[in-house]
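In what follows, chain A forms one complex with chain B and a second complex with chain C.
Right, the complex of A and B next:
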């Protein structure tokens, strides 16, 4: 069975696990090609205008997969990956949004992913929502999935081991690793000779340490990771500068950025916020990034 | 004794003031939301945070300028942003140099200890019995306000003298505000409802429109640009299912007692949006289905710009509305909303509804 896997949203963080889960259950993953202009335009045409950029991109990938020869499309409903912490409402409603704009063209495989459930319940949910799974094999692959993901997370090391200033580029994985959406931000930074750190380069303990500085624990997993990493940079001087990347209209980020800005205003580490949407142009973005890096380098001289 | 203030949410200042005054606090009711409130909120609030956060921030700044030293705010557990408002507002106000304390009331289920601590603080030197009594009076007033408002929505398209009704409504709320006992509240409510019924009416049966969306925008007329009044004055009856008193009953009390049942709107939404998406997203979808089923003439959806749950709902609502041939107008509002464009869109919507009506009537008679 050929199952479409959109190269968008959480794919960027979980692709090793997803591909493993697919293969061990006898599905052939058909991953969409990287984001391009056509995909974005298709996504824009399918979405409500106020939806955030990552979801528009996601819809574009869904559309382009729907045009290929696939038997089903994998769009999970990601509710929670940690206890008492959730994903943003768009992840919760994603399968409904996709079904709404695609109609019944292609069967959707949309299991509810809620890791605060017991493993048994997750297993049952998988069987219920993907009726093509073999119970025993699914149980085994579920067990190995966690191991693979842990190994994937431990592999984090600085993206470009340059010698220059350390810049933490913090944001959601689908904004940081989708080169079309952020105009190759990580490459631009690497060319400017800085060492880039992303959320994945911080260990769980470091993020927990940073997040302890919050007055109330955040209930969004990703937002909490970003805040934790940013606060850790402040507390331990782990980076010389921090760039926050957010998509326009992102609900959680609107508050998270404010919290981080308020905190950084009292300290000496430079902070820059980049807001992405479908109207962004690369020249303006590159200029801002260059100016930021120049400023970091000149701080030593002046 | 605290000099306590809270953000506005429609007429919720009436029950809140009654409760806090009963407990012997000095209540600083912030001035009604004005251009100044909006400007303050947008100047200091995060750029793409939602409108309720900015308006609440504006309320707080105005109240602090009036001498308040304690701010009362609600909390939450996500995934809607509201649960983190208080922390963000607190940081912003502190960075502006205000000295204050903030009491955040979290949902009781799972936060029993915090709620108890907040209640103890609000109670001050009074007894627990006094707190219960004050809360009871506040709930009574809230119910009465909701009833008066509901009646006003019903009568507005029907009465001839719309300004007279507005005057009556304001007077009725003031009477509820003045009432000292549940008995007096009941009398004020009954008097208001009777007086509204006596106003001269026109004979037409008005078209009915469901008003759905995010609760703050539904309940705060200054935020929704007085949409209920405008529709009513155009001769359209507004039907609303989200009421603050109902919301408190379901989401605070029943939830705490673990007696919360799935509401009708949630059940109706499930085939289209099968899980809770925070805020009132699922309700909006469910009420659109309900409006189509009950044969209403249209749906108006209001929500703050960038409100994620409602955006998720909106795409789905469009599909449902198109399927049932139900006119749907979506208004995403924030500080930039212009009155004139808003009125034009509402008038166009009203025209469509009236045209649909006469078409239906022609079919029935011809």
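Right, the complex of A and C next:
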């Protein structure tokens, strides 16, 4: 069975687990090609105005997969991947939004994903939402996926030695790793000679240490990772500068940015916030990034 | 021996500015031209004017470009340094007013706040997508009120009782202004109110959490407006200095950077004759993939000298190979 897997949203962080789960259950993953203008435009046309940019991009991927030769489309309803922490309502309503715009063109596989459930309940949910899973095989693949996932969470990837200033580029994985949406931000920074750190370069312990600096725990998983990494950079001087990447129309981001900005205002590590939108020109973004790196390099002079 | 001069070109959304400095960093010539949507023409016009005032023993030993059209200018002129406008403005402010701690800059389409300590940029902010409260908005409102933009500041200073106008969004500001004008408020009070609103908007957007310390320098095209300067002084409770060169600070910064860049290498400057060459820009959509990138192509005497806008880089690489 060929199952469409949109290269958008959580794909950027969970693709190893997802692809492994697909294959071990006999599905062939059909991953959409990277975001391009056509996908963005289709996404804009399919979504209502109010949703955030990443969801619009997701819709574009869904549309492009629907035009391919696939038997089903994988759009999970992601509720929670950690205990007592959740994803924003747009993740919860994603399968409904997709169904609304695609109609019944292609069967959707949209299990509810809530990792605070017991393994048994997750297994049952899988069987319920997809009748083509073989119970025993599904149970085994779920167990090995859980192992991969745990290992994935623990390791912070080491930083490639690059010399230059260390700039932490923090934001949701789908903004950081989608080169079309962020105009090749990581590449631009690398060309300017800085060492880039992303949320994935911090270990779980480091993020937890940073997040302890919050006066009240955040219940959004992703936002909490970003705040944790940013606060860790402050506390330990782990970066020379921090760039926050947010997407236009993201509710949780608007709050998280404020929390981080207020904290950074009291310290000496420069912080810059970039908001990604549907702008077609990269000039504004490049100007800001260049100026930010100039600033970091000059600070040494005095 | 020929006198060495350094040229800075700032190609902005509204104006294209040239600044020429001598080896000591003194501004010897400057010009301020309206870009009018045609940067290539504006740059050439500026160079032609410059050519007229340059004496035969003066040579241009270095060129720097900045502003949103800096790439285009760099290709046209053969610039030695291409810098973003934030850095250029900071360099110029530090040069004009040593020891400056805060730079307020309002241009045609963007506004910036730069915080310096000991001559080094330590923090900055730039307005996001919205251009409310920048020069082009003032231009537009001046035209609507039938007041020449040069008169704007003088009128604002005459106001006794500035009206309160919502400055968050230029659409709201405009309807607010029309409302006040229909109520019978004087034009001076409305203009002064607009200045206050613009400054309030600037400070709310850019200065949040920033440590604004004196000396404060105000530059950019809008700094010519005495009404805005006074509104800043009122809001900050600090004295605000507007340098004489406020309109060309970006270009001045680029010139200073060019002077530094050519210290140990010869200039790449094409020469003033560039204004007589036949440059043209055109754009087309590449249809090789679903990105449909809009490629900009600059030609000089019918030969392609540069291309950009392609995400994959094949068009720009081909142009570079051809030029090299």
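One rule holds in what follows: the second predicted complex is superposed on the first by the 289 of 302 C-alpha atoms of A that agree within 3 Å, B and C clash if a C-alpha of one lies under 4 Å from a C-alpha of the other, contacts with A are read in each partner's own complex, and residues count from 1 in each chain.
Throughout what follows, a contact is a pair of C-beta atoms (placed from the backbone, for glycine too) under 8 Å apart; a residue touches a chain by one contact, two chains touch by 3 or more.
Bear in mind the structure is a predicted one, so any value in this text is a computation, not a measurement.
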Return first, second, both or neither, reflecting whether A:287 touches chain B, chain C, both chains, or no partner chain. second
Is A:83 touching anything from chain B or chain C once the two structures are fitted on A? First, second, both or neither. neither
Looking at the overlay, what does A:252 touch: chain B (first), chain C (second), both, or neither? first
In the superposed model, which partner reaches more residues of chain A, chain B or chain C? B
After the superposition on A, what does A:48 contact: first (chain B), second (chain C), both or neither? first
Does chain B (first) or chain C (second) touch A:262, or do both, or does neither? both
Can A:216 be said to touch chain B (first), chain C (second), both, or neither? first
Based on the superposed arrangement, let me know which partner A:295 touches: chain B (first), chain C (second), both, or neither? second
Common ground on chain A, meaning residues reached by chain C in one complex and by chain B in the other: 262, 265
Chain A-facing residues of chain C, complex: 68, 83-87, 117-124, 126, 128-129, 208-210, 289-294, 311
Of all residues in chain B, which touch chain A in the complex? 46-50, 53, 75, 77-81, 83-88, 90-92, 95, 272-279, 281, 305-309, 311-316, 318-319, 332
Give every residue of chain A touching chain B within the complex, in rising order. 47-48, 50-52, 77, 79, 84-90, 92-93, 95-97, 100-101, 112, 214-216, 218-220, 248-252, 254-255, 257-259, 262, 265
Residues of chain A touching chain C in their complex? 36-39, 180, 184, 261-262, 265, 268, 270, 275, 277, 279-280, 283-284, 286-288, 290-292, 294-295, 298-299, 301-302
